[in-house]
Amino acid sequence: MVSEVVTLEGHIIDSKVLANVLDDILSFGGEFSILEVHIGQTRQERSHARIEVRAESLERMQELLHIMGRHGVLWHAAEDAEIQLADMDGAFPEAFYSTTNQQTYVRSQKKWIEVKDQEMDCGLVHEPQSNTFRCVPVTAVRKGQPIVCGERGIKVVPFERTRAKGVFEFMASEISTEKPKHTIIRNIAGLMHDARKRGDRLLLVGGPAIVHTGAAVHVVKLIENGYIHVLFAGNALATHDVEQNLFGTSLGVYLDKNSLADSGHEHHLRAINTVRRAGGIRQAVEKGVITGGIMHACVKHNVKMVLAGSVRDDGPMPEVITDMVVAQDAMRSAIRDVGFVLMVATTLHSVATGNLLPAWIPAVCVDINPPVLTKLADRGSFQTIGIVTDVEPFFRSLVQELNSLA
Amino acid sequence: MVSEVVTLEGHIIDSKVLANVLDDILSFGGEFSILEVHIGQTRQERSHARIEVRAESLERMQELLHIMGRHGVLWHAAEDAEIQLADMDGAFPEAFYSTTNQQTYVRSQKKWIEVKDQEMDCGLVHEPQSNTFRCVPVTAVRKGQPIVCGERGIKVVPFERTRAKGVFEFMASEISTEKPKHTIIRNIAGLMHDARKRGDRLLLVGGPAIVHTGAAVHVVKLIENGYIHVLFAGNALATHDVEQNLFGTSLGVYLDKNSLADSGHEHHLRAINTVRRAGGIRQAVEKGVITGGIMHACVKHNVKMVLAGSVRDDGPMPEVITDMVVAQDAMRSAIRDVGFVLMVATTLHSVATGNLLPAWIPAVCVDINPPVLTKLADRGSFQTIGIVTDVEPFFRSLVQELNSLA
Amino acid sequence: MVSEVVTLEGHIIDSKVLANVLDDILSFGGEFSILEVHIGQTRQERSHARIEVRAESLERMQELLHIMGRHGVLWHAAEDAEIQLADMDGAFPEAFYSTTNQQTYVRSQKKWIEVKDQEMDCGLVHEPQSNTFRCVPVTAVRKGQPIVCGERGIKVVPFERTRAKGVFEFMASEISTEKPKHTIIRNIAGLMHDARKRGDRLLLVGGPAIVHTGAAVHVVKLIENGYIHVLFAGNALATHDVEQNLFGTSLGVYLDKNSLADSGHEHHLRAINTVRRAGGIRQAVEKGVITGGIMHACVKHNVKMVLAGSVRDDGPMPEVITDMVVAQDAMRSAIRDVGFVLMVATTLHSVATGNLLPAWIPAVCVDINPPVLTKLADRGSFQTIGIVTDVEPFFRSLVQELNSLA
Amino acid sequence: MVSEVVTLEGHIIDSKVLANVLDDILSFGGEFSILEVHIGQTRQERSHARIEVRAESLERMQELLHIMGRHGVLWHAAEDAEIQLADMDGAFPEAFYSTTNQQTYVRSQKKWIEVKDQEMDCGLVHEPQSNTFRCVPVTAVRKGQPIVCGERGIKVVPFERTRAKGVFEFMASEISTEKPKHTIIRNIAGLMHDARKRGDRLLLVGGPAIVHTGAAVHVVKLIENGYIHVLFAGNALATHDVEQNLFGTSLGVYLDKNSLADSGHEHHLRAINTVRRAGGIRQAVEKGVITGGIMHACVKHNVKMVLAGSVRDDGPMPEVITDMVVAQDAMRSAIRDVGFVLMVATTLHSVATGNLLPAWIPAVCVDINPPVLTKLADRGSFQTIGIVTDVEPFFRSLVQELNSLA
């Protein structure tokens, strides 16, 4: 469904223009919402209305606009977008168009062309041969590339929650601890089950609290049952997961007794050192050094892992990408075919993922700390549903619900 | 085990006094900890040591102190406590002794007498006939009652976590979200199971989030399985529990779909009105108006309920005690034979209960919001173990773990 | 401004009914918003529109509806509200109308009558002599009183944020820690200054953290400068305020050094006992026992205090109302002429106050803990603006800003 | 002060060995604490005591141990530490000694040598020519380097809070919102003032909430007044600071009105692009593109900035170090001469800084969100004092207090 806002001006009420236009839209099979009607306060004053018109496709919309034009309906005639050549590497021209995470079309050679690799806070690079447009981060700009500038010839089709009925209708928009979690988890299980059935890839973005709270065993089950195809995490998740496999502890705490191990604070560094000596996580799994846990399951079940470093990392593990520009690119390419995202107990990687995700990919964010979810919402990841709950019971229930669906 | 701190002074090192005293203690079967040794910086200066001595019982301690006295060991000779008569109703004499929640003895007629109804922030009333002492809140003082004043002749035997080995040793003292909850819940289940076996009564202190999060069904199972004998709550828990039974909602939200009911915000007031019309919760259960939920289970299984009002209550329900002094007295008498306390999702009633509980009753406090637990700890309920987790999954796991023990 | 939603049905587009109706409204000096237009998908199908019409007063609205009626505009003809007599004390008839905190009119003898003492979660009692309607809590119902039942003949005029422009326009609706607080505090100061100028009474609802964080000195200045006329609090604020005056501590912590006093945990109980011995806070101030602090300032400046008890209180202070039904009534009567409310660091009393406040009284709620504000919002106090910040700096800045306005 | 724990065994009580040893220590001018006395339960059984002995310097300690040795005092004779050569780049030998953030000595050639560049979670590399030891992160290990292995010949001298009297004595150890913040802030001002007087460098570790909350103006004053010499931050602080200078907004919100700007969500990306076009922050300041704010003040006053990237960055700004291993090295070298650390509103950079800091550098961490401070404490930064308060008022009070000291 494509929408366009048109503006009518003049004596549109008395003269039946409004009535006729609405009639046209309906006759054509379109839909409309009346956004605004300002009617002249005197008879001489002109009236004014803004109507959102919806049609099935851009082609149908073009036709409908043509028809409506006969009534003198006015709107800003679409013009081709303005293109400027980048004048340097690593920066856009000053007037560059800054992208959102919504579905975007650029008008070029009188046609509306859907943007590829949609991502917020990027610029749009034109590829003249194919007449395509692509989101590109500022670091990737090269001198001479044609960049879309200004707002002209750009159409953004916002993601509508209502279109997602059946997906998110069960979810209240507010972030609250006082909600029936079990119902919500059952619905998430349904979404994941459906996504897997459709052949979508599922992405887990996870923080080390998964291991600290004893939930790694549940995540392993999700991987074994084919519910996770991509994992975004940092050095900490990998490290404490391996620590748990090698020493039975996470941050030095025995998970089965909740007591501190002697010299337990060293375990995570020893885990890192052991894996570095083995040459990497994959190698450590293959050599039998790592025998269980999330990392082991990822290697065994070919889960695509992107481990992105951070400035607080010890080590890091060899697979951790230490350069952030490289890490973002790795996440970008891994995210392209993902159809559902589950983010758990990590602000850093959740925000990073939210930055890269198009608005139409459903994402669920779970954290026990409400400010994390507020932060995600503040940063524009509107499609994310936030759930305030505890990590380990969340995953336990999720596994149970998925089992009951299988 | 009773402990006493004794002070040695003089040339206790050179003259072998310290060595002899320690030898005496061990010969007698006692134990000691050397708390402090200050040794004179010149040969002329006197030395000084403080030793905590432990014996099996007060009687044995008296004997041991007698023996140690032969070496010239000094300590403040115990004198009988000072008593003053209350000079007015509803207030203590200025110099009154203010109680803690620790086991306390008062010396009277040269004997150490254990205080009854131990409770913090009370005074001690003497009953001369029986020569007993009892904790009494300031509101209950009557003119002419003999009240303990000053610090003389008072002995407090602090509750030691170490003595509670097997009970709380599995629990780290810090309040953190990043802990292996499952292990902790399994241990709580063990404690509850043991308490029930011993014939102790179990107290649940609960807030309305139990209903909002969909956990009422689990609490009903705990009641049915004999794991809850006393319930402390407020009007809100009762109201939303009945609301759920009558309308399927909690605060107007359908628990099975997490969506708002039409006019759902009225449901809680209609629930209150309906129960008031029936004459009370018990009557509504008996008449078949209320057919399920926590209130229903409490009535059916003779759980002792104390519903204490608060200034934010709508209604309230008829069983809710609106006068706080009366409510505290009801809680006091219901708490006397309780051996284990579970506090969930209510700051108000948890703090109120913590105020009344002696320090040696194990209590577990569960809340998703860490500041609640900090607040409890700040108010001196040291015996309370805090767990940051989500209410519904907590109860679900607890029921599962208890089932596996049964 | 009064609004009414009217429904048009029939061939309203083709036949120019819609155009004519809109024209009428404008000619009459009214305003409208088109809420919904469903237009028949075939020519035979009837269309349907819902329009919100606004007029200056109920009288003008009646006229306008009369005019519009000539075009066959349909709406549910207003009928008089249904009245039933209460069949028992302390409960409404089953079908009672449950109130909101919005401005409400009841139709009686063909006139729309504004409800008095507007308050949410009440019923409406009719007083036939004066033909007036009043909100009454369930506890106050007496057998034989005429009670409004059902939804017929009730009109609710929702409070519009937009009407409050100049009041709350500077405030974002979200609760977030990452906001420019200083700007917000300056605006609150402006609101308080304006309210005082208009002669409105200002209400402070406060918790003990005001004293714990060292902010009592700022609150005293607000009282001295005439910015607080009513105080709602509990036993804890009063107690720790007096404790600070008598002992220099709050919960046993010296405020000027942030260190624990010896036996400091007894101070609050000794403060309570001392005031009880004096006969009350007022008497203790008059006798010179209490020489400073918030309680002292309230007595000296005739601030109306309502201290409502709670089940966790020690003591309590003599002025504390221990019966919650009595306390709510005291708050109700004190709130009637209040024009601005500041709620700080107390969930319990803030929710209680929110329950009693009509929606059009501006209220600002300050707490460092975001869930408190979420809880307030969840309970329907929509008019409350939440600010996540720290208590002492908040009051310090507020006093500075008010000084700069004076 | 250097401490050593010695163990005495045998009939140390009866035979006066213990008395004589304590006498020796005092005669020598040393101090002791009796850690443990186990006394044989029968006369035949040997007794056992552990005593912590303290002397002024390692040299004096050696002498004292020699003296005590005459009484047959036993302790594990110090041996030189074990050294193994690294067998590969980027990893330690399996048995490596894992460092803490406490002052550490390594015994080599019969001397105790203080470790350089003390940092937790590193290994110790030996430099044979100078016979020195240095903390080295795992990434920096090169094949053939001599690495300390095992626990032998290592002495750790823990930082004692008590030694820091006058520094932190005013601070309660708990993290609580209910504390007198003003007193605490005054004391922090005192610490900063003293540090500057001593010629110590002061480090600010800051997050973007400094800008969002409107506190940048206060930080600029701290810089201008010489209270900040080093700044650790990320791309977000730099970006929103420049955004505020260029557009008047932070994350698109106008700080002086708390309202959203049109297209405000683009501002941060446009700020980044503008600075990238200028060649960097320094160049943008020099060219007059950036005319105020924190970045401007840092450039003008030669504050050493380390901006470390993260995976959620847009852009980033040219000065941001995108490789985390490089960023940690830059932080390491900038931290060496820092004498006081203030961490505000950033978990990521605070934990990263805590990882690098030796335990004896005083650090204050300010956040409105208590879990951040819990997280810091959980990760072993024991020297950090946590304060739960709001960022903007904190800085405002800090500037006022520092002005009153100047």
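Should a chain be cited, it is by its letter among A, B, C and D, assigned in written order, with residues numbered from 1 in that chain.
The criterion applied here is as follows: contacts are C-beta pairs under 8 Å (C-beta built on N, C-alpha and C of every residue); 3 or more make two chains touch, one makes a residue touch a chain.
Computed from a prediction, not measured in an experiment: that's the story for all the values here.
Any chain that touches subunit A and also touches subunit D is listed here: B, C.
To find the repeat of A-D among C-D, B-C or A-B, check which pair has over half of the same contact pairs by residue number; it is B-C. Set against the Cα centre of subunit B, the chain with the most distant centre is A.
A separation of 48 Å divides the Cα centre of subunit C from that of subunit D.
A separation of 39 Å divides the Cα centre of subunit B from that of subunit D. Computed from the mean C-alpha positions, the centre of subunit B lies at a distance of 37 Å from the centre of subunit C. Across the assembly, subunit C contributes residues 177-178, 251, 369, 371, 378 that each touch 2 or more other chains. Per the touch definition, subunit A reaches subunit B in the complex via residues 169-172, 177-184, 187, 208-209, 212-214, 250-251, 253, 255-260, 368-369, 388-390, 392-394, 396-397.
Residue ranges of subunit C in contact with subunit B, taken from their complex: 88, 90-92, 94, 96, 98, 100, 121, 137-139, 234, 251, 263, 265-266, 268-270, 272-274, 276-277, 308-316, 322-325, 327-328, 331, 347-349, 351-352, 355, 369, 371, 378-380. Residues 13-14, 16, 18-19, 22-23, 26, 32, 34, 37, 39-41, 174-178, 370-371, 374-375, 377-378 of subunit C touch subunit A in their complex.
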